[in-house]
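So that we are looking at the same thing, I have put the structure below in structure tokens.
Chain lettering (A, B, C, D and E) follows the sequence in which the chains are written, and residue indices restart at 1 in each chain.
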Amino acid sequence: MPKFYRKIQGVGLPPGMLAPVTDDHKTRITLFDYNETTLLEKELNSVEESFDYKDTRTISWINIDGRDLKTIQDINTHFDVHPLVLEDIVNQGQRAKLEDYGSYLFFVLNMIRLDEDNGDIDSEQVGLVLGEHFVLSFQEKEGDVFDPVRKRLRDGKGRIRKMDSDYLAYALIDAIVDHYFIILEQIGGKIDQLEEELLEALEPDMPIRIHQLKSQIIYLRKQIWPLREVLSTFQRLESRLVKKATLVFLQDVYDHAIQVNDTIEALRDTLSGLRDIYLSNTSNRMNEIMKVLTIFAAIFIPLTFMAGIYGMNFEHMPELKWKYGYFFFLGILAIVGLGMLYFFKKRKWL
Amino acid sequence: MPKFYRKIQGVGLPPGMLAPVTDDHKTRITLFDYNETTLLEKELNSVEESFDYKDTRTISWINIDGRDLKTIQDINTHFDVHPLVLEDIVNQGQRAKLEDYGSYLFFVLNMIRLDEDNGDIDSEQVGLVLGEHFVLSFQEKEGDVFDPVRKRLRDGKGRIRKMDSDYLAYALIDAIVDHYFIILEQIGGKIDQLEEELLEALEPDMPIRIHQLKSQIIYLRKQIWPLREVLSTFQRLESRLVKKATLVFLQDVYDHAIQVNDTIEALRDTLSGLRDIYLSNTSNRMNEIMKVLTIFAAIFIPLTFMAGIYGMNFEHMPELKWKYGYFFFLGILAIVGLGMLYFFKKRKWL
Amino acid sequence: MPKFYRKIQGVGLPPGMLAPVTDDHKTRITLFDYNETTLLEKELNSVEESFDYKDTRTISWINIDGRDLKTIQDINTHFDVHPLVLEDIVNQGQRAKLEDYGSYLFFVLNMIRLDEDNGDIDSEQVGLVLGEHFVLSFQEKEGDVFDPVRKRLRDGKGRIRKMDSDYLAYALIDAIVDHYFIILEQIGGKIDQLEEELLEALEPDMPIRIHQLKSQIIYLRKQIWPLREVLSTFQRLESRLVKKATLVFLQDVYDHAIQVNDTIEALRDTLSGLRDIYLSNTSNRMNEIMKVLTIFAAIFIPLTFMAGIYGMNFEHMPELKWKYGYFFFLGILAIVGLGMLYFFKKRKWL
Amino acid sequence: MPKFYRKIQGVGLPPGMLAPVTDDHKTRITLFDYNETTLLEKELNSVEESFDYKDTRTISWINIDGRDLKTIQDINTHFDVHPLVLEDIVNQGQRAKLEDYGSYLFFVLNMIRLDEDNGDIDSEQVGLVLGEHFVLSFQEKEGDVFDPVRKRLRDGKGRIRKMDSDYLAYALIDAIVDHYFIILEQIGGKIDQLEEELLEALEPDMPIRIHQLKSQIIYLRKQIWPLREVLSTFQRLESRLVKKATLVFLQDVYDHAIQVNDTIEALRDTLSGLRDIYLSNTSNRMNEIMKVLTIFAAIFIPLTFMAGIYGMNFEHMPELKWKYGYFFFLGILAIVGLGMLYFFKKRKWL
Amino acid sequence: MPKFYRKIQGVGLPPGMLAPVTDDHKTRITLFDYNETTLLEKELNSVEESFDYKDTRTISWINIDGRDLKTIQDINTHFDVHPLVLEDIVNQGQRAKLEDYGSYLFFVLNMIRLDEDNGDIDSEQVGLVLGEHFVLSFQEKEGDVFDPVRKRLRDGKGRIRKMDSDYLAYALIDAIVDHYFIILEQIGGKIDQLEEELLEALEPDMPIRIHQLKSQIIYLRKQIWPLREVLSTFQRLESRLVKKATLVFLQDVYDHAIQVNDTIEALRDTLSGLRDIYLSNTSNRMNEIMKVLTIFAAIFIPLTFMAGIYGMNFEHMPELKWKYGYFFFLGILAIVGLGMLYFFKKRKWL
């Protein structure tokens, strides 16, 4: 289950100091440099190789997987980025935000992915620096949701190769938001399955499954709220970096974020509904059990008592000596028993 | 039950690409071309036939059922519509929205209908393009809620034939909102029925019925919220396409949307109330069952014990030899039994 | 119980068309024509009689009970009222609203009354047209909450005869809002009674009574919200029809509406509290029942078992032959029984 | 418990008419007339005595306990107060409000006190008229929360004697708000006590006590909300009656009102928590009871059955004739009984 | 558990009077006086020693632990601070706030710490006065969360020694907010542990533990809300005391406060989820118990009854004399018993 309370890294450190990076993922740098007609894609061995692409008029997307401090610092220095941006890139676990530094915009985003092994939700912070002709993206580790963007860059279809760096940033953010739908669809599928199971049987692990799905939804909601603000700010930003042609796309991804939010609320309500059904069904189950018990007890306890009477050893019990006493008694038992059955039938317990 | 989590189509595709349209409904194009005195209604065999009506001063309503890409593209090209509009028309499952493209307005709306077979709610996206003298409407498949509008056009009564294209757009939106009332009335009827049944008996399927009605209501609420925004924007839009005479009608349909929303909230509260009653009644039922069990057990268990005493085979049990021991004993049993009854009577269990 | 989901009449009709009026209440027209010194009160046989009073400088209040289309149309034509106002008057079931048509204001209000027979809440739409020297009021049927206003007009005490038509409109709205307090007091009284009963006993119909009261409160809340908006708009309206001297009274009735709203919220909370108490008490009751059962069972079941032992017919059971075996056994029974009682005493079950 | 639904007095009366004052408290008028150096405190026999103090430059605080109409009217006439103010003073049960009449401000406040006898909350309306050199305060009956203010006036310490009439009004309002803290502390103390009791035992009256405390808190919240608005308006009022030096004190009392509100919300949450604990504990209790019953039943019912077997009178039951049949049987009983105990031990029921 | 309802000290006192300080902590004054190159850290014996540092251009941080009135007054007088600030410093238990007095800013903050002994949350009010070249901090008692700030001052690394007094104030506030994360992590850890335990067993103290954690979270939320406002105001303040270079850091700490708030909401939801699981599990547990009871009762009660039949002493009971009657009877018992088992197996109770 996602841990809500994990503090962001670097808390307690002096601002400007960087949290020690403990994970030993090797840093991996990839470059896409393109315009409408050309595309260069390569993996860089060292940071320095990327510097040449900064000042060309082609759009450069430099993606850094890993948090090798030296690499990040080098890039930032060369691309003339504020030290606070560096800190925000290195210190994981932050809220999505957008900061306008004039010559570039800085985004903190949270990329959500499903852990294929255990179905858990995994969040990874992505830092984006959007400059005039370049986009820097900083990820914690390899593996991301940007493959559709890479494919579109390689294919050269659609608008992406014709447009500016702000469209590339949009495309990356859009890929992150789109992934929410995939995750919501998976969670929604699990909720549907739970709903169907709930109509059939009552398993004791259901409350926990409901709780786990709810936790995931709460986690997503916690992520989507600041993202909405970022997208709303991005649209309204009066920056020369945001071209007019991109605005309509920003509105589009903003609409998607709203829709994610709507869906999250609806799923929450559905889960509450399932919990209510579970509780009701548990109560119904209990009623059923108690009915069975009560019917058995109410029929046989009086009969047993009556049999007990004639099992007594009093010397003077005239009935015992009657010739048909036993059969007469059996008849009474049958009448009492059937009477009880009729009583419960009338109460609709049977 | 409505599936909240279905992602909108086209997610994951590059913006500008269209989702592959898998449904093989044949595209059907119908035209209404009218002014106050004349009315032309015909079904068009091909898109091209509609182009002549664009530039006439009569109002043209061109309705396209189906998502045959070629047809939609042709229309859009001829009517000079932005490619993004085309995408929004083809990609189903979006939130209601209104976009002002200057020379025309583009609406995405969600038409809600009841599936007559299973009582489920069915949502279908409708795209509207409102131009100076024409309205284009794009639907996913045949069948819609616009028949009252068509009838008014044919009859020529009321205002509709005298007014501009914005009034036609209003009339279509109004028909969609009006349909909410019909659906709410149906849901309301089911809730009433459930309420009545709940006063009489306690069926185990009631929590599920409550849950299903609640899901439908949540679904409607999810649809009406963005629609309210669209209507509010429509009213406040400073566009030459929205005539002053239409504003009062826009206010009217906006008021209806608000009223739909109020009703949805009230129905939600009612359903919560029913769930509470169900839970209370289940508890009461359990209490009743337990009372029956307890009364039987508390009366007969002591009596059985007493009979058990005199069923023992001790050699020296003086009572057994008393002449009226048995009858004396029966008397004691009667006293104990009646005493217990009195005890439960006093506790108001009987 | 109020039906929340009833659609407003006229939905589905072309705007401008009137819903067929099915109720056959005869239309009844009454006139109050007054200034500070004179008062004319009469019942009019036909609409035409009212026309003379329109242009006099005295204030005219023309009240129409019933929805005879012809009458309403005649009045509206003569008083030069927009056709949409006519529609709103005839189509019942609308949300409260205020529309400024320049030379007159149009109000839709909902008058709430208690049905004396079954204690249900009954809502009736009232249309008000406030002109320079006249107020038209349109009601669905006879019987209203305006008698205090009529009495004040007749008595000539207070301000009402000295002030303008806007004050008369205020007085009518005030009468409607005041009636909310009366209804809330009745509902509050029922809640109090329920609360007292709840402290004494646990009736199975209580959840339903709670639910019914809650439904009424939700219904009132649904009515008071739009009314608040109307009153707020009325105050802030920059219309020559609203005199400065009236503003302080409008603030007053607005304050009352706020207070109604506060009270409704508080009553809702109280009802939720009662439901909680009911549930708790049901659980406590169950605990009590189970305790009784358990005590009986736990005491007598072991005793019965012991008696059963000595009811066996083994040939070699030495205890059976002991002289005081029986009495010794009875002693053991007593000890076990008292031991159980002590055990339950210590657990505070007794 | 506080009655939320009591309508304000005077509802249904023509505005400008006064509700008949039924309580026969004698009206009592007290005067404080002071400046930095002098202080006159006296009880006035009649209204007229107070008129001399109006036009002096000393600050006059005239407090009227009781609602003797004549007295109030005389004062109002002489102090030139609007008739609507008079109405608001006489008609009890209103929401807190602040009205600016230019030459004076009029406050309606609600003074909350604890009824020492039964611990109930008692609300009394206080009307304040703040003029250039005077403050009039109107109370329903004797006894108030203003004694600390009186003491400060008499002592002459602190700022109060040096400042203007607006500071006196502030001091009176501050005394009212301060009293909320005292009441919240008392309620908080009761909640603490309930919490402690809840950890020890489960009394059936607890849900009712929780409900009563919640009702009091809801009542306080209903009072503090409008008071916050009054204080916020008071601060932002651009009136020559509110001196700049007083503003910082107004901010202070506003902060206190916010804090009262925060505390109310926290106490509400705490009470909800207690209710949850109560429900959980009731369920646990039930589980405990059921376990005891089940253990007894599950152990002794099979044993009793076995004893019943050998209590049968079949002629051919070989075991009965075995020499050690009885002891062998007792051994089996012991094994079965201990087996059941082990079974329940393993299930952690014991 | 934190006491929400404790009134702030000094309530009921005349404004300007100070609450009597009852705790006898000795006042302790420490000084940091620094610029980029020099650092003086010393403990002061008396207030007067600090006065020299006020007018130097170095930044002075004077921290006062304890509420010795004389000391505080002396400092305030010398540093020319408004008497109301003095009151706010001495009167504990206030809401966080920020007041702009022109030449200095005054903050009231609440420092939250965990009591290491009992895991309770402890809140201590901190007053900050931010002047041109100095920061005064007033604490109730020794021990605070400012050690990381002190360490950074001593080390001289990072920005702190290079920046102005506003940065020092920021650093102190940041330390307070950072501590929230630590506390949330601890609470989060406890919630995780509870969650794990809940999956394994059902302890009766769990509702109370959930309640206590919830109380702590509510308490934190009550603290973080006003702090957010303070930070938001601090950022937007147009004061020459807030340098442009510091703004980005203020945004940062504001973001942290938002994140604290998000985390608090998520933890609240998680706790509600745990409570739901607990309730569901309790119900499941009950169902299990009842099943065991019912199975035992339903199997053995009929069997016992049948044995009781043949334990009767009727003289004419033919079956008793059959040679294989006993064994035949045992066979019937086995069939009935196994039939019951099959019945419960089919119902999935076993």
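Convention: a contact is a pair of C-beta atoms (placed from the backbone, for glycine too) under 8 Å apart; a residue touches a chain by one contact, two chains touch by 3 or more.
Nothing here was measured: the structure is a model prediction, and the numbers come from that model.
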- Query: For chain B and chain C, what is the smallest step count along a path of chains that touch one another?
  - Reply: 1
- Cα centroid separation between chain C and chain D, in whole Å? 26
- What is the distance in Å between the mean C-alpha positions of chain B and chain D? 42
- Query: When you check chain A against every other chain, which residues touch at least two of them?
  - Reply: 279, 283, 286, 290, 293, 297, 301, 304, 308, 311-313, 317
- Considering only which chains touch which, how would you classify the arrangement: line, ring, star, complete or other? ring
- Message: Which chains make up the ring, listed in order from chain C with chain D immediately after it?
- Response: C, D, E, A, B
- Item | In the complex with chain B, residue positions of chain C that touch it | 1, 3-8, 11-17, 84, 94-95, 97, 99, 201, 204, 206-208, 210-211, 214-215, 218-219, 222, 225-226, 275, 278-279, 282-283, 285-286, 289-290, 292-293, 296-297, 300-301, 303-304, 307-308, 310-313, 317, 319-326, 329
- Query: In the complex of these two chains, what residues of chain D are touching chain E?
  - Reply: 148, 152, 157-160, 171, 174, 178, 181-182, 184-185, 187-189, 191-192, 195, 199, 248-249, 251-252, 255-256, 258-259, 262-263, 265-267, 269-270, 273-274, 276-277, 279-281, 283-284, 286-287, 290-291, 293-294, 297-298, 301-302, 304-305, 308-309, 311-317, 348-349
